[in-house]
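You will see two complexes here that share chain A, one where it goes with chain B and one where it goes with chain C.
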Partner chain A sequence: MTHKSRSGLARLGPLPWIGPAVLLILVVVVWPVYEMVRTSFLKISTSGFVRGSAGTDKYQKLFDEPDFGHVLTWTVIWTLTVVGLTILISLGLAQLFNQQFPGRRVTRWALIAPWAASVLMTSIGFKWMLNQTAGVLNTAMTDLGLIDKPEDWLGDPSTAWPWMIFVAVFVSLPFTTYTLLAGLQTVPGEVYEAAKVDGTSTWQTYLRITLPLLRPALLVGVVINLINVFNSFPVIWGMTQGGPASDTATTTVFMYQLLNTDMGESAALSVVNFALVVVMVLFFLKVSRWNQEEGR
Partner chain B sequence: MSAVQTVAAPRRPGAPSAAAAVRRRTLRPRTVIIAGLAWLLAAVFVLPYVEMVITSLRPADELRDATYLPRHFQWSNLIDVWRESNLGDNLRVTLLVAGGSTLLVLLVALPAAYYTARVRFRGRTLFLLLVLVTQMFQPTSLLVGLYREFYQFGMLNSVWTLILCNGAFNLAFAIWILTAYIGSIPVELEEAAMIDGLGRVGALVRVTLPLALPGVVTAVIFTFIAAWNEFVMGLTLSTVPQSQPLTVGINNFIGNYTVQWNYLFAGSVVAIVPVVILFAFIERHVVSGLTAGSVK
Partner chain C sequence: MNRRVLSLSAICAVGALALTACGSNGGGGGKSADGSVTLKLVAADYGDKATNASKLYWDEVAKGFEAANPKIKVDVQVINWNDIDTQVKTMIQSGNVPDVLQTGGYADKVADDLLYKASDVLSPATQSNFIDSFSKAGQVDGTQYGIPFVSSARAFFYNKTIFSKAGIAAPPTTWDEVKADAQIIKSKKLAATPYALPLGPEEAQGESMIWELGNNGGYTDDSGKYTINSQANIDTFSWLKTNLVDPGLTYANPATTDRKTAFADFAAGKVGMLNGHPSLIQMAKDGKVDYGVAPIPGKTGPLTSTLGVADWMMAFKKNGHQEQIKKFLDFAFSKENTLKFDEEYNLMPVTKDTLQEMTSSGKHKDLEPFFSLLPGAKFYPLGDTTWDAVSAEIKKSGGTAVKDDPAQVLGALQKKAEDAVANK
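Now for the complex of A and B:
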């Protein structure tokens, strides 16, 4: 009976079951990759008409763009700083919210707010709170004596950067913390009991037992955050739109700025961007295999 | 060994051992410090949204006042905002896109996940790899390609386009989590039901689906929230205010010279509140969902 019914399902072949999923992925994910690469070699007017081939001109133009260098540098700094801070703070938060204390449920519920709310709206909220005239953060910092007078934080790249990093970390913390909390729950309680019997200190227990057992969760947190933060358009768009000029733009924001002036060049940057993501994905696949083997 | 086999069965979010709980209850000062810290952090996470609500209730002539609270709360803002903008249209688009893409994901992901969990077919590993890679690519890195594709289809400003796109980019997560859940349900249960004369589809609907319900709920809510909050594709693929989702529509309150902050945040509150409530409902499932979906 078992055997017969299984081969009955198998005889239909996988297509009716996985076909729709594959089709959807082909149309919405794979096709745009082809379109994007094609567009990067085309001359296209701002209204969308194709005016012939451009060869590699658009790539040349992109690499000659005076802002390109610092946009790339800023993208790398941005991604590494935000992901690093997010992981470090989330490790602390996960440890804290894994404890038993009164109000644990309510506080964990509060922690979820930035995850549930749209990132764009959160970012605009911070932009408003940093408003020079009436922003509540300016008011509070003035009242606390931290600053002499309200400042235009987002108008100057040197002060806009730290605030944007702050907001990006703020919206990344809930997911990361919850991933680590999920990881902590897979650690059996007996392990801690054993360590306690052995007289290992709390800090030693954390470094030697908890952290290694958290590795799969950490890996997921790092990778998802790397991809998210590298692509995190809404935070920057919501707060500065990459401005003044392109001073606070990452590659994705710069790509969107170029979309309005030269679609071919924008596509060229997308291809560069895409290549970077592919490298990250390959890296992930390699590391996760390593992770599985080590875990055995 | 294939990837899905290594995904652990979903765990119930459980409290740490009873012994640990009793021990902690006796350490009062430590608990007080932990609780205090947690409550403080919870406040930090919620305050930006409280400020948004406060701002949404400010009268227009108090928007430039650097005060923590307005002199009087103008509740009519929450009604006027519907007249002052396309908020009604935007809300309709967001509801259709979030609802439609969730339905699409469910229709496409369920059969694929069921088949992948139950049958070792040729190309299974390839299919799972395709799904994994899709999860890594975000719409931001494919924007230009997406725009070009749907421009050529003449499908810009269409709800269907946004449903397709949101569906496709949320498909991967749903397939992963559903495969993990269905894989953890013993085949024998289904076979017993088939022996009782239910047939394969009957067994799937009456036995497997109810058991996989927590996974289905998690997948549904995650997809719904992601589509509800989606910004970049909405911004790129919808150019007229009436066909924009809420996340894009609220930007129309940002003018060249003035920003109607009170209306902007009234619109944001409309967008954020339902999702935060939805998320609060599944807070318990989030940890188990993440354990099943991503953390091995």
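Now for the complex of A and C:
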């Protein structure tokens, strides 16, 4: 009851402490989002001059883009393939790193390398390794007799996609493996002992005990990766810039390509992308709350 | 665990959003109390290392100009080619425009009535000094807005060593000869890429136009209407597809191969022939490639007029500094200054007195095959205010015309061009 008698001024007491954080959020999160949405309804000339409102024309133009359909399809395939492969390989790697073996510490360190290096750097590194005339991977594969002559891997969408997926998986592995490894270490040893006493096979133990207990870590890994891979710009931009034309572009890269021709249309795609990410974040929040409740 | 991951991703999100907000920067000229005026000059960087950065050149020009005009200060900002378009867009969008801008194109700014007419900011003597073909390329609907700054023209380069090993006596003059020579080079394994065809996003519009000119095609007809999917152009790309790309006489994927790759390959001796411009001269010399320069082959004979490219200077009306800009441009386009710039970067002049000086001084033997091309050069439809948007589309997907169906690719581009005209 004493709370009610406080003066209005005193109620502002916490403001100096939370004020800077609120201001930061307003300036670097809310304001750019507002600008982004506003821009998507503007008519902007190629020179950058604002010519007034465009209504929903830019959204209309975006959905009418001949490339938009296959860009969306590829975005879905790209996200699902990369996340799926990453999780599968990480499950194996985490299991391996959870075993005692000589040199485990060093190999665990080594796994951090793709994570520690800038993704753009890794992508450009692979781009050069795959270069047709000077690439070390082309030379190695020719010498090993895997291919007859050096190939232009990144120039053709059908060969560029597998390589980009490979690189995206390569840079996503460390985070996912460590998340799963942390999960594995929380599984108490007694559970395994009890299972042993009951005479379960190794495979049964994995399916019935390890995987269910790993669920919290697995869900975090899946959702964070979904957001990350969906937004993945550096891998694709660094390797093909979405080309030829928009054949290897996801929506994030396509947005950047549109910036050259129509700023408003590009902003419209940003809004669409932003909405999709918000949906994924809400999903993540829901899932993590569900996790906590299950954990109790 | 969850919370840490959450806060980590929150920090990432905040960082990413903060980055997008860093586009604009302060400034903007104005009159100060003592009546002096600050002109804001934004220019592109032609240098490739610290010692030849264009900033050094412009600082020198500004210093000389300020000494002669104590009431006018020049604020120089030099931006590299990769960023200048986006940064200028941001300046215009935020209302913080420069007084004088030197970059690659001008017409899209005319559409929004942002620029002074050339005659408003150039003295008659300076204006009549420009080579006519360039002044004309600076016109929108008969009025000159774009002020040419430097130029370059395309010619055919070939590797003399490879040609003599192949037993080819003279450079090709027709498309069929290009194909025949490329086949000899390929069969004798003298070069990884017999003919370099760069149609990647860097400059697809350039290589495309050169080939289209060879078949009397081009991007527009005489009235200025877009004719990107004219029969002549479709035939040109069909020819390239069946005669150079499919038989493996050029890169496997021209649509993703950029000009700089082609130039680097030529300088490394891996290319038999290609279309190049004067900056390839120095690269070839550095790579110890014995090169020859010849007229560009067309379908039935060499091109009489080749592709000319110019970079432009323009003056913005917003800050109202017409008098001061006029003084500055007259100073910047003096023979002394333009000659220094052209010689520094091995570029071609746009003014009559500098061309005269460079042709007669005997110091530029390398450039001689190019000087004669200038007066008759053909340009992109620079004066069309939709060209920048159309050019961006051609850069993005034009190259796929030699892999997919040419009629379909060019048809889609033509449609985009017509849409751009309709929404002008």
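Convention: the second predicted complex is superposed on the first by the 270 of 296 C-alpha atoms of A that agree within 3 Å, B and C clash if a C-alpha of one lies under 4 Å from a C-alpha of the other, contacts with A are read in each partner's own complex, and residues count from 1 in each chain.
By our rule, a contact is a pair of C-beta atoms (placed from the backbone, for glycine too) under 8 Å apart; a residue touches a chain by one contact, two chains touch by 3 or more.
Note that the coordinates shown come from a computational prediction; the quantities given were computed from them, not determined experimentally.
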{"item": "Partner chain in contact with A:47 - chain B first, chain C second, else both or neither", "value": "second"}
{"item": "Partner chain in contact with A:103 - chain B first, chain C second, else both or neither", "value": "first"}
{"item": "Partner chain(s) touched by A:29 [first = chain B, second = chain C, both, neither]", "value": "both"}
{"item": "Which of chain B and chain C A:18 touches, first, second, both or neither", "value": "first"}
{"item": "Partner chain(s) touched by A:158 [first = chain B, second = chain C, both, neither]", "value": "neither"}
{"item": "Residue contacts with chain A in the superposition, chain B compared against chain C", "value": "B"}
{"item": "Touching partner for A:262 - first (chain B), second (chain C), both, neither", "value": "second"}
{"item": "First, second, both or neither for A:182, with chain B first and chain C second", "value": "both"}
{"item": "Chain A positions touched by chain B in one structure and by chain C in the second", "value": "24-25, 27-29, 31-33, 48, 133, 182, 216-217, 220, 224, 227, 259, 263, 292"}
{"item": "Contact footprint of chain A on chain C as seen in their complex", "value": "1-2, 5-6, 9, 13-14, 17-18, 20-21, 86, 88-93, 108-109, 111-112, 114, 192, 200-201, 251-253, 255-257, 265, 270, 388-389, 392-393, 395-397, 399-400, 403, 412"}
{"item": "Chain B contact footprint on chain A (complex, rising order)", "value": "1-2, 5-6, 8-10, 13-14, 16-18, 20-22, 24-25, 27-29, 31-39, 48, 93, 96-122, 124-126, 128-129, 133-136, 138-140, 150, 170, 174, 178-179, 181-183, 185-186, 189, 192, 216-217, 220, 224, 227-228, 231, 233-234, 237, 252, 255-256, 259, 263, 266-267, 270, 273-274, 277, 280-281, 284-285, 292, 295"}
{"item": "Residue ranges of chain B touching chain A (in the complex, touch as defined)", "value": "6, 8, 11, 13-17, 20-21, 24-25, 31, 34-35, 37-39, 41-43, 45-46, 48-49, 51-52, 55, 63-68, 104, 107-109, 111-112, 114-116, 118-119, 121-124, 127, 130-134, 136-138, 140-149, 151, 164-165, 167-169, 171, 175, 191, 194-195, 200, 225, 228-229, 231-232, 236, 246-247, 250, 261, 264-265, 268, 271-272, 275-276, 278-280, 283, 286-288, 290-291, 294-296"}
{"item": "Residues of chain A defined as touching chain C within the complex", "value": "24-25, 27-29, 31-33, 44-51, 66, 132-133, 151-152, 154-156, 182, 216-217, 220, 224, 227, 240-241, 243-247, 257, 259-263, 288, 291-292"}
